[in-house]
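There are two complexes below, and they share chain A, which is joined by chain B in the first and by chain C in the second.
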Partner chain A sequence: MKEYQVIGKPVPLIASREKATGKAKYTDDIRLNGALHIKILRSPHACADIRAIDASGALKAAGVRAVITGRDFNHTFGVLPISKDEPALARDTVRYVGEPVAAVAADTEAQAGEAARRIRVEYEAHDPCLDPRAALLDTDRPIHPELGRGNNLHKSARQEFGDPARGFGEAAAVVEGTFDFQPLTHGFTEPHATQVEIDAQGSITVYSSTQVPHYLHRALAEVLEIPMHRIRVIKPHLGGGFGGKSDPFPHEMIAAKLALITGRNTRLSLTREEVFSSNHGRHPTTIDMKLGLHPEKGITALSTDVLIDGGSYGSFGVVTTYYNGVLLHGPYPAPNFSFACDRVYTNKPMCGAMRGHGGVNPRFASEVLFDMACAKAGLDPCEARLKFIHEPDTVTANGFRITSVGLKEGLRKAMERSAWKEKFGKLPYGKGIGVACGFFISGSALPIHWNKMPQSTVRLTIDFDGGVTVYSGASDIGQGSDTMLAQNVAEVLGVPMSMIRVIAADTGLCPIDLGSYSSRVTFMAGNAARNAAIRMRRILVSAACKLLEIGEPRYGKPGGPDSFFRQGGRKPDFDDPYLGPNPDYSDGFEARELTFRPSAGPREGAGVPYLDAVRKAMDGHGALQTQGIYVSPKMGGDFKGAGAGLSPGYSFTAFISEVTVDPGTGFVRVDKVTGAHDCGFPLNPLSVEGQLDGSIHMGLGQALMEAIRYDPKLGVVQNASFLEYKMLSPFEQPEIDVGYDANVDNEGPFGAKEVGEGALAPVIPSVANAIHDAVGVRLRSLPMTPDRVLAAIEAGAAVTPRNENGKGGM
Partner chain B sequence: MESGEMKLVTLHVNGRPFRRAIVPSTTLLEFLRDEIDLTGTKRGCDMGECGVCTVMLDGKPVLSCLLLAAEAEGAEVTTVEGIARGNELHPVQEALVAHGAIQCGFCTPAMVVNAVHLLERRPAPTREEVKECISGTICRCTGYTKIEKAILAAAGGDSGEGGKEA
Partner chain C sequence: MRMPPFRFERPAELRQALDLLRELDGAGNGYVLSAGGTDLVPMMKSQPVSVGSLISLTKLKALGGIRLDPGKSLSLGALVTLGDLSSDAAVRETFPCIAETAGKIATPQIRNRATVGGNLLVDNRCIYFNQSEQNRLAHTPCFKAGGETCHLVPKTARGDDPLCRARFVSDLAPVLLLLHATIRIASTAGERSLPLRDFHLPDGISRNRLGRGEILTRIDVPLPGPSAGVLYEKLRIRNAIDFPSLGVAVSLGRIPGGGTRFGAALTGVHTRPVVMQVDEAARGSREESVDSLIAGISRAVTPFRQGFFPPDYLRKMIPVLIRRNMEKLLRKA
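== the complex of A and B ==
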């Protein structure tokens, strides 16, 4: 494995010292002069028409500077151009409990809150639509009448490949089941916050806790009806996102609008209860799935029927609708495949993207069914998975281009480390071991906005002191993307991390990056940073050659990419705006420890100090500046939905979980998670491990305890607090032993793929499969709380004969 | 705000006195963040659920969102800003940085306070004691794994086999 200087080393995140000392400024920590405080009045009804709003009492209240309602906005918005259905403030109807209806700007927070309470809203309440099945029925009062439908269907996706009926006929084992999933929330610790600074020209700077400064920039311009150059969006340090800050939000529109109206700086921060009622979390889901398995052919057929409850607005829902099906095309081939997914609107807070977006729930269903099919066909669940995991350089039934796959060896090692063979089916009653696999995208190849702009652009500058500044629109949300960008640049230029400064997520200074979601940043922004650094390296090497009085390296015109599967690794074409993904930038020089040395030729070994090269390059030129971009290769079919889930690289994961189940109480304890994650070449082991630990934490939360509860009649969140929305504590986090052996991806920067999300999904079914091994029952609903496990054990004991180990059958 | 409603308080924070006229309902968290601009201490829920507002009051961790500022008069308040000496980080802070135990960092100030208090009381804690010490503060990024490792390392070993009394 290639030894690098910075890449592949455990590098602490560059912001961690300021975070450890409390100096790091998050959005709510910013202090703008004389900022007005904003409070939002929210709907107490899940479904109502707004008859009248009387703000006169609020306007007369002490300290109040402005009150706005839905009448102050002309445009709705949404992260996807195809579903811009959300108003900043409800206009004629409210669609969920907690929907913003009016907002007050006042001198103090207390005054804003007091004034908001004095706004009189006359509602005509109606019976809310809260049940997703009912949402499919005809109604006189659709939640979104503008769609012209007589029901509450938002999006339908249907795809079929091969011949599922024939495939089921070929299977040795056919299993099916219905699986239920609760709504989840992201659980980040920093509530959403926004502050707006306005200057004398009426231009605004919007500081916001967002994963998507660029999409927010676009939405603000549309909703506020001012040009983009009058708006600057800055993401300060951000206290966790996980998808929950990846949409433009009403409060961001409201804070900006009130700044424009009053000419004053504004600020707001949501309460924790408001965060829960804003939601955007994982969709409540019902999945009917049928899987056919053959001992030699693998999955012969897979059919999936999904209903997802989107809540009141679109958010990322169209993507979620597709992801529930298309992300089943891995980690194993499924040549005969059908899926149908409907997303409905209901009168609940909207659902959107949450870590593992759209792929988590179907993964649970498919991996539990895979286990059941193995049992029925007499196959070892690990061996069967090993046998059928995608081979590298293949195309799935729906046209996904699978390039690097580094899971098989990792799963074999995990089987050894966990003593799978000695344990599976052989542990005493109450102890169990289970396996599950998954895969995930490294960013979407198809951008949300269909245009020809690069998905990521990174700019580099070097000034007289040799310090390198990286400008990127990517949002570091704690996952460490700033550090990743700096590592890529440091490696190419042979400069220490301490000389690199990253300025990111500031639309006024940074080129566009589409944002931090769908695990796209390392692959895409990382490649853009690497490309920018390679261009800079060429400038510096040229200067070094002048100082050494030798000719410049010859940069020949490279040929095209080797193949459909191997786009990276070729020499960069400096005449082209795009150097390609992960190009081979070897130029006959070594750049190490601030020195450029030719590695061959008459001046072999002669060193040119980095700063000398910088100064030489700047002679008569001034500050050095380069730009790098990332563009996904062309892939995919031409059928409807062909772009969903297309990615330039896919991660692969396998987990073997060991559990203890108390048959008396149904309480499940996850003792250990052993596994493997193929993230390509791990750029920063500290970050890779951190992402794996966090994914396991969040996945086990969904497995064992997390669920938002809505009042079934009123649609109110009943557990809008961290006391009642249960997440894993340090005591429930298991021992973790997950390998991430370097498996170089040809197109990822230095061979890297995603690690932030893919590992979440498979840990959940691995626990369900381990529970089956422990006590012989199949759980099909999440979370697998003690009451459900106990009920399943009691029901299972009544119908299922125990085998010789005291465990149930299939 | 009517001046009659204001109350004059003096709080000692990180070794310095701060005298402010405040609304009596001002919490210690609001005092720290809004009156004296010590924004290192975070607001996550205002209800004592998430623990990111943890500070030390006379050396013991408390949730500053559940305490009135006036109740802290006469006590010594230590926030995350009072832990490092200039640019020299406390061993707990160094360990959190070096072990990659900081991702989004929103819980980090509270974790620092929790851990500094633990190590003052128990210089060689067990892993269970470390879990106990951080269990009042939610971290959604790390799964707590690296935070535990970092605190154990700051205590002088990764073994978790400690347990000696202070």
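== the complex of A and C ==
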């Protein structure tokens, strides 16, 4: 394998020192001149009509500069153009407890809070619809009457491939079950915050903790009814997103509106409770799934019927609806496949995208069923998975293009390291080992707003000082994307990381990028940065040739993969504005340690210092500037929903978890997770490990304890704090041994694929399968809390005969 | 979250503090006492009304220090922090269970400030009360919030009984109860002392017998404790931060004149801590004694859905944890 200089090396994130020392400025740390403080008045009802709002008391209160209500907005918004159903402030009805109803801007935070309390809202409360099953029934008070439906259905998706009935007929083992999932919050550290700076021309700069500056920019223009060019969105340092900051939010519209009305700068920060009531977390879900397995053919049929509870608004819900089905087309082929998913509206805070978006819950169901089928068919769960994982360069039943797959070797090694063969089915009662696999997209191939723009554009400049500036619209949300961009550029240009400055997530300065979601940034923005750097390299190499008085390298169409699986039939072309994904840029020069050296020819080994090349290139030309783009190859079928889940690359994961179950109390301790993640070539092992540890931590939270609890009658969140909403403490984090051997993906930048999301899902079923190995019970509801485990053991003890280890059958 | 403004006082002497309390009470002014403030401050943040004056006790020397009087007692100043309690050599030597229990409370940062006195006086908790102002707007105010109703036990279930069922959550109380601790309380009228077991009340609002104008000064634990010691097990979903969903302390000792005394105390599942002892009947078996202890103490508590675990699970765990820990003590004895 090629020896790189910065790629593949553990590089500390470029902002880590600033963050660790407290210097980094997050949105709330910004101090704008004389900013007004905003307080949002929220609904105490889950379902009510607003009869009247009397803000006179608030307007008379000390320090108050403006009060706004739903009447001040003419447009609703939403991240998806197909469900722009959310108002900045509720107009005639409120749809969940905590929905913004009015907002006050005042000189101090205390004044804003005091004034908000003086707003009188007259509500006519109605019985809320809180149960997703009830939401499917006819009602004369639908939550979104504008859809013209007599019930609360939001979105239905149906797909079928092959012949499921025949497939089940061919199976050696058919298993099925109903699986139940709770609502979850992302649990990021930094609550949402927004500050708005307004200039004398009435143009606004919106600082916001967002994963999607671009979508926020668009939504602001629409909701505020001002031209897009009068808006600039900047994402300062961000304290975690996980999908919880990937929509435009009401508070962002409110802060901007109040700045426009008052002509003053404005600021607001949500409390943790407000974050809970804004939600956008994982959908509560019920899945009925059936799986047929054959010892030689693999999954002969898979059918699934899903109901997801979307809460009050659309958010990413249409995508979630599809992802609940389409992400089951890996990690194993399922030629006969049927899927139905309904998303309903209920009077709860809306659900949206959360790490592993839409793929986590169905993965739990399918991997538990796969385990059950193995037990029934007498197959070793690891061996069976090994056998049926997708082969590279294949197409799934629904038209996903599966390119690189590096999981088999990884799983094999994980089996050895965990001593799977010696342990599975052989540990004493209470101890167990279980396996599960998963796969995930590296970015969505289709844009949310239909257009032919590249998914990602990155601009590079080099000026007289030799410093390289990378301009990218991608949002570093703590995951390290700025560092990733800098690494790509540093590697191509042969300059140290310290000479690279990344200016990102500023819609006024940076070229368009769609944002940080669907694990797209490394694959797409990384490729764009790499391409911009290759173009820059050509300029510098050309200058170096002049200084060395040799001819310039001839750039033709470099050799490259030309099959359907590589780049959708396109070859990289150095004369084209688009170089293609991950093009080979060998130009006969070696660029390292700030020197360009020809690696052959008459001046072989002669060095041109980087700065000399820069100056030469600038002669008669000025500052150097290049641009790189990423465009997804064309792919996918031609049927409804064919675009959902299409990605230029897929990551693959396998986890083997070992647990100890206390049969007296039902407590489950996860002792160790061994596994493998195929993220292609690991650009930065430090980041890869951070993401894997984090995915396991977050996945185990869902597995063992996390759930938002709503009051069953009122719909108010009962545990809106990190004391009562239980995420894993460091004590519950297991020992981790996950390999990520380099498996080069031809299209990812330097061979990389995603690592941020895919690894979350499979850890959950691996624990469920390990619990089964330990005490012989199958858990189908998350979280697998001690009370549920104990109840299952007690029920299981009554019906399941035990084998010699005291363990149950299927 | 910002709290409403309040007056801050930090008297230097106990006498001064007691006079100040009497003065405030005389003038009808509200006040709260604060030791570490770890329980108080989050509560103040979520309350819309000011507490009046906040009297910090942290300078009162009379409330400090761990004093060992060998063979007689271990005296803990009310202001001793849980951090110090968990690492103090004299405590570890005489009553390791106190040190271990203190080390299981909250987090290291909180233990650096939280005090043992504050722990015995920690407010009772309820999912309807320990909420922000915004959350409580969705409900009508309950008894504890000065209202006329209870959401945890609605009127249909409780009849006219106006008790608040907010649960008692101190981890140290059950251990100190089995160690027969007594507490000392000062007021301008002098100092009084009472057994800890008589201190707590079965109501989530009045909670205990600390009167207006009174300050808890010390906790005295007589030596020697039960011969085989005390064990405490804290049931909670996470091994850090969390309050006990259920806390079970058990003790095993000898009755003067022969026979075994089995003790158990519970926290987290009732409005007050509950303690019970059973002496091994002359001709009864060990199992029978433990069974009757379990039956008795289970009857004395009423867990509600107030936290992470469903009440019937908590009920089921009481015998499991008592038996397990009793067996450990029996093996030791």
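Assume the second predicted complex is superposed on the first by the 799 of 810 C-alpha atoms of A that agree within 3 Å, B and C clash if a C-alpha of one lies under 4 Å from a C-alpha of the other, contacts with A are read in each partner's own complex, and residues count from 1 in each chain.
As a working rule, contacts are C-beta pairs under 8 Å (C-beta built on N, C-alpha and C of every residue); 3 or more make two chains touch, one makes a residue touch a chain.
Computed from a predicted structure; not experimentally measured.
J.: For A:Ala66 in the superposed arrangement: first (chain B), second (chain C), both or neither?
T.: neither
J.: Is A:Pro44 in contact with chain B, with chain C, with both, or with neither (first, second, both, neither)?
T.: second
J.: Considering only the touch criterion stated at the top, classify A:Thr785 as touching first (chain B), second (chain C), both, or neither.
T.: So A:Thr785 only meets chain C here.
J.: Per the contact definition in the header, classify A:His697: touching chain B only (first), chain C only (second), both, or neither.
T.: first
J.: With both complexes overlaid on chain A, does A:Glu190 touch chain B (first), chain C (second), both or neither?
T.: In the superposition, A:Glu190 touches chain B alone.
J.: With both complexes overlaid on chain A, does A:Ile299 touch chain B (first), chain C (second), both or neither?
T.: Neither partner.
J.: Tell me which partner A:Pro10 touches in the superposition: chain B (first), chain C (second), both or neither.
T.: first
J.: Residues of chain A touched by chain B versus by chain C: which partner has the larger set?
T.: B
J.: On the A-aligned overlay, A:Ile389 touches which partner chain: chain B = first, chain C = second, or both, or neither?
T.: Neither: A:Ile389 stays clear of chain B and chain C.
J.: So, A:Thr665: does it touch chain B (first), chain C (second), both, or neither?
T.: After superposition on chain A, A:Thr665 lies in contact with chain C alone.
J.: Overlap the chain B and chain C contact sets on chain A and report the shared residues.
T.: 110, 271, 723, 728-731
J.: Under the stated contact criterion, what part of chain C meets chain A in this complex?
T.: 1-2, 127, 131-132, 134-135, 137-139, 235, 237-242, 307-310, 313, 316-317, 320-321, 324
J.: Chain C touches which residues of chain A in the complex?
T.: Result: residues 42, 44-45, 97-98, 109-110, 113, 271, 273-274, 277, 664-665, 704-705, 711, 714, 716-720, 723-724, 726, 728-732, 785-787, 790 of chain A touch chain C.
J.: In the complex of these two chains, what residues of chain A are touching chain B?
T.: Answer in residue numbers: 10, 12-13, 15-17, 19-26, 28-29, 31, 108, 110, 186-191, 237-242, 269, 271-272, 477-480, 686-687, 689-690, 693-694, 696-698, 721-723, 727-731, 733, 736.
J.: Under the stated contact criterion, what part of chain B meets chain A in this complex?
T.: Touch list, chain B to chain A: 1, 23, 33, 37-47, 49-50, 52, 79-81, 83-84, 89, 93, 96-100, 102-109, 112, 130-131, 134-135, 138-148.
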